[in-house]
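Listed below are the structures to be examined.
Here chain A shows up in two complexes: once beside chain B, once beside chain C.
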Partner chain A sequence: MLATIIASGLATGAVYALVGITYNTMYATSRVMSFTAGQVGMLGGVLGSLYMIVWGLPLLLALPLVLASCALIGVITEYVAVRPVLKSLEQHLYVLSTLALSLMFQQVTAIEWGTEPRPFPKLFGLGTGIYDEKFWIPVIACILTIAGLEYLYRYTLVGRAFVAVAEDNYAAQALGLPERNLRIASYALAGAIGGLAGFSGGELMLAFFANGAVLNFYGFVPVALGGLGNNKGAVIGGLALGLFQQAANFMVGGIFASVAVFALFIIVLLFVPQGFFGSATARRV
Partner chain B sequence: MSLAAPTHTASSDFLTANRLTYCGLLIVALSLPWVGNDYWALIATRAAIYWVLVSGLNLVVGYAGQLAIGYVALLTLGAYTTSVLTAGNVMPPVHPYIALMIAGLTGAFFGVFIGLPALRLRTFYFAMTTLGFATIVTQVALAWQSVTGGGIGITGPEFPAPFNSAWGFYAFCMGIAALCTWMTSNVAHSRHGRALVAIRDVEVAAESSGVYKPHALIKVFIIAGMLAGISGGLFASLQTYITPDAFTFELSVLFFISILIGGRGSIIGPLLGTIILTLLPEIAAPLAAWSNFLYAVLLLVIVLAMPGGIAALIDFENKKALHSDRNLVLDVDLLGAFKPETQQSQPLELKGIRLQFGALRAIDGLDFQVKSGEIHGLIGPNGSGKTTTLNVISGFYSPQFGQMVFDGQALPAGLPHLRAGLGIGRTYQTPKIVGEASVLDNVMLGGIASSDTHFIEAALTLPRAIAEEQKKRHDALQALRAVGLDKFASVRADRLQHSELRFLEIARALMGRPKLLMLDEPAAGLSVEEIKKLGELIKGVAKNGTAILLVEHHADFIFSICDHVTVLNLGKPLASDIPSVVRVHKEVVSAYLGA
Partner chain C sequence: MKLSRREMLLAAASTVSAASMGLARPALAQTDPIKIGWLAALTGPSSAPAVGFNRGVVFAADAINAAGGIKGRKIEIITRDTQGDPTKAVNATQEMISQLKVQAVWGPTNSGESLAVTPILARAKMPNLHPCVVDTLIDPVKFPTSYRIAPSNTQWDDAVRNYTLKILKAKKVAVLGDTTGYGVSAANASAAAIKKDGAEVVYLANIDATQPDMNPDMLRAKNAGAEAIVCWSVSTGMLARLFNTRAAMGWDVPFIGHPSMSSGEIGSLIEKPANWEKVYAVGYKSCSYDAAGKLPAHSQELVDRLKGKVDLKDTLLWWVAAGYDAINLFAKAIETSGSTESAAITGYLNSLKKFPGYFGTYTYSETEHNGYQTEEVVMSAASSARDGAFTLAPGYI
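And then the complex of A and B:
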């Protein structure tokens, strides 16, 4: 039983962590937390199922197509729901604009794809029991994403430009960095990461329109645990959340597992408001 | 000329427009049973039930500015609590009225619980908490079959006669809805409502005026949660049978849009919004499948295109041109009314204050005293720690070393919301004003620390609350006359010009009858003529015994009105003496004034 808890805990945790990274990547260049983060996760699963089962595309074609589609969703988010409200960030209108857009994606999916969960294809057909691929694919996807992001941020010019914009938007603009294009690029990147989250977790969560709302919340918990904008924190927070949730699931049952997660979330927010890896924010007078 | 005259004539148009709308709605509500059929009764009852929830949510969203997007969860909770209790699934059946009350209490409890993060954290966290709660409540309702009936559902409560017929229940819900309108409107127009709006728009100034955010928010979370729970109980009765499917997240969006479409900081707007949004699906029935999508589109369009909502559209008063004569005519004789009640000869003393941010010493060993009736100038180059000193005294920063003594007692570091009550008033480098509220309301905000009527008294407009409100209004008008802004009392504050906002901030600070008044660069951006008036005003305030601590860059202004000047450089005092000595002090001249 312990092995099952660990396997399923790490798998769901990796999906939550990836959605958390999606939040962070969008946040880094815009200071906006977008509710579309969970929806691209949902779309990763739905589109994966659409391309592979309905259209019959092979994995090598379907995966890039899913990532590209979700990147596009990211860019749409930036254009429609983020850019128009950036000027009045302190009014937090982005909460509503991104929520509205996120619900639009969800509703279109519900109407066009249906409101029942539909199967997601076996990607490789490897492993059984606790070594089933559905448990390790999300973990591998998470590791690859982290490695890729580390490489991007440390060794490439574009990545450093991202970091510069995230660190100090005005200074970056003064240096002549194309802040707007970088923001669009980061939303595309975030979309692709979210898509990967849903695609890699597809066998676990199926292609289901309501996954978006669930991922929106469970993907945000790691961000709150780890600290806003901190990817390392999101990964650790995500895995911890996955393990905690699965353990609670096995021990006290499904109803109270989600209640336990929610209570934990509130308690952490109250006592460690900046997250375990975040830095305290300064006073605003 | 009577003091109250200008506001009454100015705001009467708007008030009548509001009253006419309320009367119109009342007539429609009363005549509906005589002209409509049961289908109309159903729709109107639904609108009333939604409004019970939205009226409370409006205080949270429209007034306090907290983005509670998942309030459908509290509706669900209320609906299940009432249904389960009356059905007797877990304990002997309870009378529906009692069940409804318990639903209200449950709603209040969870309203506060999910609101806890909002007391400390940025608003997105609160939005997320309410969203998470909505997700979880639905999951629990589905999974906890023995109690909730799971996906199959449970029968809703039936209220005893005469409320068990369509029109009987309609009357019951309408009665509750009318009560909610009255109560939330009372709260909104009391000091509690002003405090909420101030938290929303100028949190810092709200704190300095004596508003303690957690207290103010918890009260509205209680009332909003309670109303949501009650609304849920009524909703379950209207549905006669409830399943988790009845409580989609889109219902939450509908509540939210009702408020946004109505406009922030308005009661009538969201009321109209709720009615419109309840009717909309009935009219647009052919679009049923896409209705949730259209709600989302509507939300996006409102946020991007008409942030003011209906209330802004029907606010004719603020579309009129302002007085062309913008000359400030001070009446310093009125300042006597804002004289501190008691005053020590030396209200403020700082001893060895040191404040570090990491390795940087922003204030490095600062001592000074401000005497009663003295105008004490605090000058120095940028970054020398002037505003930081004000923030330490205001309690926004806690220094690592040193003591502060105020009014004969140690002044604890931190606790900005207690400062106003002690008699410390202040203004800000960039005026912090609630732009959407009237000039008069902004000034009345300054009277919050000295108000003591309870939330309940305000909600029920008990005599003490009315009396206090009238007194504050009178004082605020007096303060406005003193600074020469009385003719703008009913105007939205964001229509004033910058220099007028500076005087408005002083009027607000005067409402607390300050023993110490701290002014942060009040002359910045003022014309020569206005600076002269500002000097006159400050001197008038000091004459009543208020100690003034004045941070300013305008050297001539400082030297012409100050009794004592302290010069800061790099967080340390460079000189502290009477103006004529400081003016020729060698180091001061080289560090700051220039030859």
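And then the complex of A and C:
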């Protein structure tokens, strides 16, 4: 039983962590918590199933196509739901605009793809039981994403420019950095990461329109637990959430497992409002 | 000509009395078509049943009209696509009552819409047949003009419980539902009835349909000693995961429950066809193959009539048969009573005893508007779909 809890807990946790990173990547350059993050994750699964099962494309072609499609969804989010409300960030209008766009993605998927879950293909056909690929593919995707982001932010010019914009938007603009283009690029990157979350977790969660709402919430929890903008925190928070949720599923059952997750979430926010790995920001008064 | 006040009053009084004596009633000798409203969720997420019902509806209306209609009057089916949306269903109902002036309404086809529409139909005294399972939709006092043509949820539950306890002879039962309102209430009602019948409910749980791993609940059910699992969910994803998990555990416990367990979508979600064995979903005697692979003679007659005209490959036979029966029942009511008046149609339905429809044998009375017979609800082998019908689950004679 313990092995099953760990295998499925780490797998779902890795998917949550990737959605958490999607939130963070979108937030970094815009200071906007975009509620399209979970829907992009859902689309990763749906488009993966569409390209591989319906269109019959091989994995090597389908995966880049999924990432590109989800990157495009990220860019659409920036243009439609983020850019128009950036000027009045303090009014938190982005909550409404990103939530509305998120619902649109969900409804269009429901109409075009259907409201019943559809199968997601076996990517490699490896492993059985707790070693089934559906449990370890999301974990590997999560490790590769974190490693890739570390490389991007530390060793590439574009990555450093992202960090500069995230650190101080106005100073970055004063230095001549193309802030708007960088923001679009970061939304495309976030879309691709979200798409990877859904694609890698497709065998576990199936290609299902309702996964968007689930990922929106459970992807947000690691961000809150790990600290806003902190990718490492999101990964640790996501994996911890996955393990806790699976353990609660085993110990107390479905409905109460959700209650346990909500309760933990609220308790953590009460005692550590900035998250475990976030830093409290000083505000000049 | 100048009318005096006395003459005017006399004329008004005679008009009122003529109307009250029934002279203004629509006579059947008219040649206007008989209008039957059809509230159908033909598009949208829950459109599959209505698409199937619609094939039976159109076939029945065409057959009646080809035979000369009802005493010379054609039947006109007025269809409104409600898209499964209660708001659209309410608007369509209002239009049917106040503008289109239909004589009867068939539908809606899902309980959410029906809950919104039934009180409106009752206020307008509109004869209504529907196939929705929620028990509270039938109440001869609150909704005296609404009749159910399919089983209620309680009748489904009775059939599932009888099969589990009497045919499979399970003494320890696990009951699972999803976390929707339907899943919770159906699982609780089912568990209570199983306990009442003397069996033990060793595990009762509601599972979030999006939960990716079903191991926790299946392990708990197994550890509790369940000999059968009764399942109430319309979520094909959750059901397929349960079947896959059962196979991965090497457990051969039977699943008995909701008709969704026989949905074609499950076939694409299970990891191998064997995972769908020993799964028994609610079905109907009239639309089930026996051990020799044959339908009951009366149902075969319908299938023969439909051949070449109605496709059964991508729908369920019971949907088509129930759609046919609904229109046929209204037609018989109008033909027998000789009137399109609400009271005449409901009067006929209230006196109906063992009406031999294709989907079921209907009996209604003033106090019982659930017309489908519980003994006609049976369990089907979930993976045995062929031309819209299923093979009877093992154990039936």
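Simple rule for what comes next: the second predicted complex is superposed on the first by the 283 of 285 C-alpha atoms of A that agree within 3 Å, B and C clash if a C-alpha of one lies under 4 Å from a C-alpha of the other, contacts with A are read in each partner's own complex, and residues count from 1 in each chain.
What we mean here is this: a residue touches a chain if its C-beta (ideal position, glycine included) is under 8 Å from a C-beta of that chain, and two chains touch if they have at least 3 such contacts.
Owing to the predicted nature of the structure, the values given are computational and were not obtained by experimental measurement.
Q: Clash or fit: chain B and chain C on chain A?
A: clash
Q: Mind telling me which of the two, chain B or chain C, contacts the most residues of chain A?
A: So, of the two partners, B touches more residues of chain A.
Q: Check the residue A:224 against both partner chains and state whether it touches chain B (first), chain C (second), both, or neither.
A: A:224 contacts chain B only, not chain C.
Q: In the overlay, answer first, second, both or neither for which of chain B and chain C A:142 touches.
A: After superposition on chain A, A:142 lies in contact with neither partner.
Q: Can A:208 be said to touch chain B (first), chain C (second), both, or neither?
A: So A:208 only meets chain C here.
Q: Is A:117 touching anything from chain B or chain C once the two structures are fitted on A? First, second, both or neither.
A: The second partner, chain C, only.
Q: Does the superposition put A:258 against chain B (first), chain C (second), both, or neither?
A: Both: A:258 reaches chain B and chain C.
Q: Given the touch rule stated above, what does A:70 touch, chain B (first), chain C (second), both, or neither?
A: Neither chain B nor chain C is touched by A:70.
Q: Looking at the overlay, does A:82 come into contact with chain B only (first), chain C only (second), both, or neither?
A: neither
Q: Which parts of chain A are touched by chain B and by chain C alike?
A: Shared contact residues on chain A (touching chain B in one complex, chain C in the other): 110-111, 214, 254-255, 258.
Q: Could you pull out which chain C residues touch chain A in their complex?
A: Residues of chain C touching chain A: 44-46, 179, 205-213, 215-217, 219-220, 235-237, 240, 248, 263, 265, 268-269.
Q: If you look only at chain A, which of its residues touch chain B in the complex?
A: 33, 80-81, 84-85, 92-93, 95-97, 99-101, 103-104, 107-108, 110-111, 213-214, 216-217, 220-221, 224, 254-255, 258-259, 262, 265-266, 269-270, 273, 283-285
Q: Within their complex, state which residues of chain A touch chain C.
A: 1, 4, 8, 11-12, 110-111, 114-119, 129, 201, 204-206, 208, 210-211, 214, 246, 249-250, 253-255, 257-258
Q: Over in the complex, which chain B residues touch chain A? Could you list them?
A: Touch residues, chain B against chain A: 67, 69, 113-114, 116-117, 120-121, 123-125, 127-129, 131-133, 135-136, 139-140, 143-144, 203-204, 249-250, 253, 256, 260, 289-290, 292-293, 295-297, 299-300, 303-304, 307, 391, 394, 396-397.
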